[in-house]
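I have a structure here, written as structure tokens, and I will follow up with some questions on it.
Labels for the chains are A, B and C, by order of writing; each one numbers its residues from 1.
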Amino acid sequence: MTLALDQIAAGGTASGANEEALRRQAHGERRSMLALTLPALLLVGFVVLIPIGWLFWLSFVDKSGFTLIHYQRLLHPTYLLTLRTTFELAFTVTVVCLLLGYPLAYLASQLPRRWASLVLLCVLFPFWTSLLVRTYAWLVLLQRRGLVNTWLQKLGIIEEPLRLVHNFTGTAIGMTHIMLPFMVLPLYATMKTISEDYMRAAANLGASPIRAFWQIYVPLSFPGLAAGLIVVFVLSLGFYVTPALLGGGRVMMWAMQIERSTTVYADWGAASAMGVVLLVITLGILWLVSRLTGSAKLGEAR
Amino acid sequence: MATPADAPAAGGNRSASLPITIERLVKSYGSFKALDDVSLSIRSGEFITLLGPSGSGKTTLLMVLAGFVRPQSGSVRFADREVVLLPPHKRDIGMVFQNYALFPHMTVAGNLAYPLKLRNVPAREIAGRVERALDLIQLSAFGERRIDQLSGGQRQRVALARAVIFEPRILLMDEPLSALDKNLREQMQLEVRRLHDRLGMTTVYVTHDQREALTMSDRIAVINRGRVVQLDRPRELYERPSTHFVASFIGESSTLPIEVRDGRASFAGAPLLSAAPAPAPASSAPSFLVLRPEKLRLLADAAPAEANVIAGHVRQNVFQGDSIVTYVRTASDHEIAIRRSLRTDEVLPEVGTAVRVGFSAEDAIIVPADADAPQTGRP
Amino acid sequence: MKFVAHALAAVALAATAGHVAPAAAQQTLTISSWGGAYQKAQREAWFNIVEKELGVTIKEETTSGVADVRAQVASGRPTWDLVQQGNYGCALLDKEGNTEPLTPAILGVKGIADNMKGKGWISNLVYATTLAWSDEKYRDKKPSSWADMWDTKTFPGGRTMRRSPVYALESALLADGVPMEKLYPLDTARAFKKLEAIKKDVVVWWASGAQSQQVLKDREVEMAAIWNGRAAALATEGEKVSLTFNQQMLLTDCWVVPKGAKNKDLAMKAIEIMSRPEVQARIALYINYGPANVEAFNTGIIKPEVAAKLPSSPENAKKGFVLDANYWAANLDELTKQFDLFIQR
């Protein structure tokens, strides 16, 4: 800025002292910044753009060239039913994660640092064990002769074992366990940044603790809440292993239909089309959420 | 934000302010005593400042008044009503937080309306009162702005307006101006004081800035180590500090250890001819002579001897625009600051020059050497 | 599970690749199979014999299904000379024209039933889906046919069936009284109707052999439509599980030569060698699967007590039927969609 003014003062000529050298230096800096980001750009290109492009292309071709046959196939009721199950399951898991995760994150955010770390450690623990192991662990717990049913029977609460697994319920339980950290972590991160003074201010202005919580704390935790909800929902949409093992075969997720397309039908075109559909739905949700949160802020402003 | 004077609150003739009586408050965190048997009477409508260094307990005291900190024992009464057991949301007092604590998910108008909504004020009336409040703080056009679109000074005014829009009879302020730059802070000091005068509520103001306290307050309670050390009007506090701590915390001063024997004071073995001890310390107690820089004179060495003179030589001159501060080092290795305004053509005494510092007996403050804070030299 | 086996096999191959001496003068035949313990058994029982007789080196690869073969053929230059597939996979590839027709020499080998081969494929191995149950649950009266699977009054308890229309539809029709020899073409409407009756008792529709084994072992179910090898493994482990070969549904694995394979003549010779009864019999020495060639049971290589446990031994084979590979090659896609809809509802 100062330089520009100096130049104007000097009669608009572009020949101040060292000007050329300084400009070269600025150029060089920009070049090295570009060089630093290049690996990341290449990586994104190779692992994201090219495979997705390939997927997209595969979904629109067969031996005879361009075709919509792979998408027409998806109109079969079995796929529509699977899509519904997928959404129901993702929705259920998201809601349960919210109900469990919000109080948990709140607790962790209010605890002294050391205790908070312990709580988070427990929440994170699932991350360090294999997905398969965790899923089988639920099988051991929930099956007919599993721990839960055995205890309930011994306590005389039930006579016949409950069907807790190999169905929607068991799948939702297993998935919730795996998804919970994805809800708790962003919530915790956001809650940690909410100053105690906001709640104090609300109380001081006359809000009871409950009103202050709903009217002030919850809206302030919204960024973490939105992040948690989206991550859990979107990841749940693409789940495969847990529903395959805990769903008893009758809980079919979209990803399982994709797998069936490749292994049973050996139909990469159909599988690609399903992948594209899932991708489009996911992007649609992200777009919708960003629109909603954007307008939510505006709504508050009104 | 109608002022009670020209538009009394709907529904009655309640007074604009309440007196606060604080009795024997104790609050300790482990072995640390944040409030050590604090008692304080605040008059209705008074602007009182709690002044003290950080960790002195002033903020804790404010938090107890607001209800955010529960003391171990003691009593807080608003008028005749005991409130120490009352949860914060039932105390009906306004508060301005150090970081303002404006709700970022609400607009400016939303923040102002919030306390009114909580009090079930009809929507129409809320709109009117918010509008008047915005007018008062000169942010009429900013009602729909989000908080993060405001400058620091604007946020400060919104926070102030939010704290008083529901016409509380007590207003608490926790270092509300500390985040502002110097010019804005000084301007806001006057605005806050005018607002108080206009609304008339009892105001308890916390700061660590003694100048701010002197500027704004009816009375100042100097707090140190969980105790009220002195409670007085600004000028009395400045001119008649009762302890060494108060003397050194309020205003600039040079502090010299003296000995008082039989009503006569001596410094570094040499008698000060006529320092008037007030209040008179116990016989032969170690005491301090507190000298305000602006009340000292620099005497040429050749000047005739007079009462209350201390010899030394010039160590440093510091030019401060409106004044110059000369630091004089005594033979006993104590330092005295003298503030003078300079004539344009006046020549400064060179460093190393032998000089004498003179003062009037009535400007000399003698305080007992207390255990509070052995601050000497430059404030 | 297969996937894991393939991956392990691939790693193992990669690890040993460096030690194989390059056979400069020798020709190389590339065979792709299912990998794992099965492929190791094939190497011992068959590939070594082929290498010796033809004087070639066999290079091993692994496949995960028909898609691989399609891709090989589509590329125009298949690198695999001989590929192992499941029987309706073979039939499908044959129907699609992705295979080389078998030579008369192969078709001349005696002992392999007609429903175990086609124009471009021939079976080499037989396994079966059988009815198995927990003996702890059914102590006195034992189930003996698919009708008993549907009889939840006499045999109460959870069931498991494969998450596939293959076997499920056949077992339903058998339970409904259709004789084995009149199953095909399947009356699918009748089959689904019959399945509807058992649906609520099917606790798990299993997706892998390991899963079927686990739910039977944990007594999550009491009766299962399960691969014979899986039920036998449980019994060997000491679990109180029995199976019957009655109404067993035989399924085969088979060889195809991808269309345009570089060494197709050599591959055909290899198939012919591996189809001979005395070579076929050797597989039972290394793994619990039965040879496709019934003559193998007359070679004396397979001991009677071993033969009794193999689904393809003459004694057992006559109690069951061979799955119609051509029927499933034609209908798998549509029936799977119907079946998926059925189990989700």
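Remarks
As a convention for this text, a residue touches a chain if its C-beta (ideal position, glycine included) is under 8 Å from a C-beta of that chain, and two chains touch if they have at least 3 such contacts.
Model, not experiment: these values are computed from the prediction.
A comparison of C-alpha centroids places A closest to the centre of the full protein.
Taking each chain's centre as the mean of its CA atoms, C is the chain most distant from chain B.
Mean C-alpha positions place chain A and chain B at a centre distance of 52 Å. Taking the mean of the C-alpha atoms as each chain's centre, chain A and chain C sit 40 Å apart. Taking each chain's centre as the average of its CA atoms, chain B and chain C sit 91 Å apart. Listed for chain C are no residues, as none touches two or more other chains. Residue positions of chain B with contacts to 2 or more other chains are absent.
The touching residues of chain A, when paired with chain C in their complex, are 76-78, 81-82, 85, 139, 143-145, 163, 166, 244-245, 248-252, 257, 260, 262-268.
For chain A in complex with chain B, the touching residues are 195, 197-198, 200-209, 211-212, 215-216, 219-220, 222, 297, 300-302. Against chain A, in their complex, chain C makes its touches with residues 64-67, 70, 158, 163-164, 203-207, 211, 214, 218-220, 332-333, 336-338, 340-341, 343-345.
Every residue of chain B that touches chain A in the complex is listed here, in rising order: 66-68, 87-89, 91-95, 97-99, 101-107, 110, 114-115, 118-119, 144, 146, 162-163, 166.
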